[in-house]
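Okay, handing you the structure first.
Note that the chains are named A, B and C in the order they appear, and that numbering of residues resets to 1 at the start of each chain.
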């Protein structure tokens, strides 16, 4: 099941997702996203060396894929409006990304063809004339230099921001997994006793949903919006 | 200025400058109307391509630049060493493609499509002169990005509209669906 | 190379060079004979004058150079004047400030500090005599830029170290994080 690809290959989560879908020769739909969700999660799990600045983005897409996969397996599961929006947006975003990725390949070929137009050096051979601006003094120099200094991106600050983002996202994935568990009543903790990290828990949860799909366990729901109960099919009463 | 003279003057201006020159500046220097300048440049462009001249006139927004005919690149390269010959990375090409078809555009919008932070790539493309930035009228601390004349020259095309599939890719269906 | 192609190639070569090019060099890069080059240049010269083009081809001994048509001298003068007299843009002021506090400095370093390509800006400041360029001892094809002596005098200081807070600002460590 492990999906062996080198990390440098992917520019980001969209790039990875698109590759997974195209490898399976699928169109971009909610269903095909659900189909590659496990491979995607496996991939982030296997690649501990995803750069910190990209990890937040990979996790954000992971959260959306978990929602999509859960719905594909449990169509009766209710989603909040925000979750519905996230699911819809991911397929659209991927569709949009695909267009530009393909365009970038075409542009790359054009650039490589070497049909380059060259400019001429500006004002070549024109005599320089000393024409200083009238209204500038040494304090303007300081002002503009300080402005330039302030615009220089500070690397450390950026990192802190990303760390915070990753932590919030991990919490989000955690919450998501908790609420999904509450929505389907079952001893989920039994399934996850051997889990070593959060991704493991998520994978276990998805595995549970897979069992539903394969009718190893059963889902029961009295009425719309009522509690969903999971039962092991072999011990069920009917 | 009569058209024959104006055409000759425009050629001189674009030749001396060597850089992109605004239509308004040409109009001012030649004491002509914007329309007359536009018309004369269009005639020059036709003449250039009909006669397979050594130069082409590139247009971007309201500016024109004279550059060598891309057909002669192999010969010209033996005389010049230019930064635009350097190769582009995969990330660089993706960012350029989004900005070429959808610019002027903010960095956040580029990132929304790519799903990944692009600040490093955008900065390096700006430094190489393949992108330009202007202040964002809607956000006084932010910028809008667009492609540059150097990018068009690197691809050997004389206007953005000549990019492959420009018509379809420059349209944002999502925006259209919100408007209509 | 057939004559039509050769004519086009010669135009490209003369256009891009900005200085006189030897006939022998043109012959070499176009893989043509000296006679063919001479013949093609003669045809181009006739075409230029018949069509009153904006450029002329000048011959100096065994070299050719593309130059503006002298009939457009007034227009070209206007262009240069308007270029020089234009108000300094924000980019221009930033580049001046960087070169003032960090000069002598290469253009690439200025670009790394600003995060934006500066070739047009540097060219324009040079033309106005606000900058001077000197050869880079570490790179014999590149230049180092500094504020011109005339401009310093105009600012009322006799050396660059007299700029306000020069000691601290010129050593600001934010810049060291960008250029090594």
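The rule is short, and it goes like this: contacts are C-beta pairs under 8 Å (C-beta built on N, C-alpha and C of every residue); 3 or more make two chains touch, one makes a residue touch a chain.
Predicted model, so just to flag it, every value in this text is computed and none were measured.
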Identifier of the chain whose CA centre is least distant from the whole-structure CA centre: B
Distance-maximising chain from chain C - centres being C-alpha averages: A
Inter-centroid spacing, chain C versus chain A (mean Cα positions, whole Å): 46
Separation of chain B from chain C, taking each centre as the mean of its C-alpha atoms, in whole Å: 20
CA centroid of chain A to CA centroid of chain B, Å: 33
Residues of chain A engaged with two or more neighbouring chains: 118-124, 126, 153
Contacts with 2+ other chains: residues of chain C: 12, 15-18, 80, 83, 115, 120, 123
Contact set on chain C toward chain B in their complex: 4-5, 7-18, 21, 29-30, 52-55, 66, 68-69, 71-72, 75-76, 78-80, 82-83, 111-112, 115-117, 119-120, 123
List of chain C residues in touch with chain A within their complex: 12, 15-19, 80, 83-85, 87-88, 93-94, 96-98, 100-101, 113-115, 120, 123-124, 126-130, 148, 150-151, 154-157, 162-165, 169, 172, 174-175, 177-178
Touching residues on chain A, where the partner in the complex is chain B: 11-15, 53-54, 57, 61, 92-93, 96-97, 99-101, 103-108, 110-124, 126, 153
Chain A - residues contacting chain C, complex: 118-126, 128-133, 136-149, 151-155
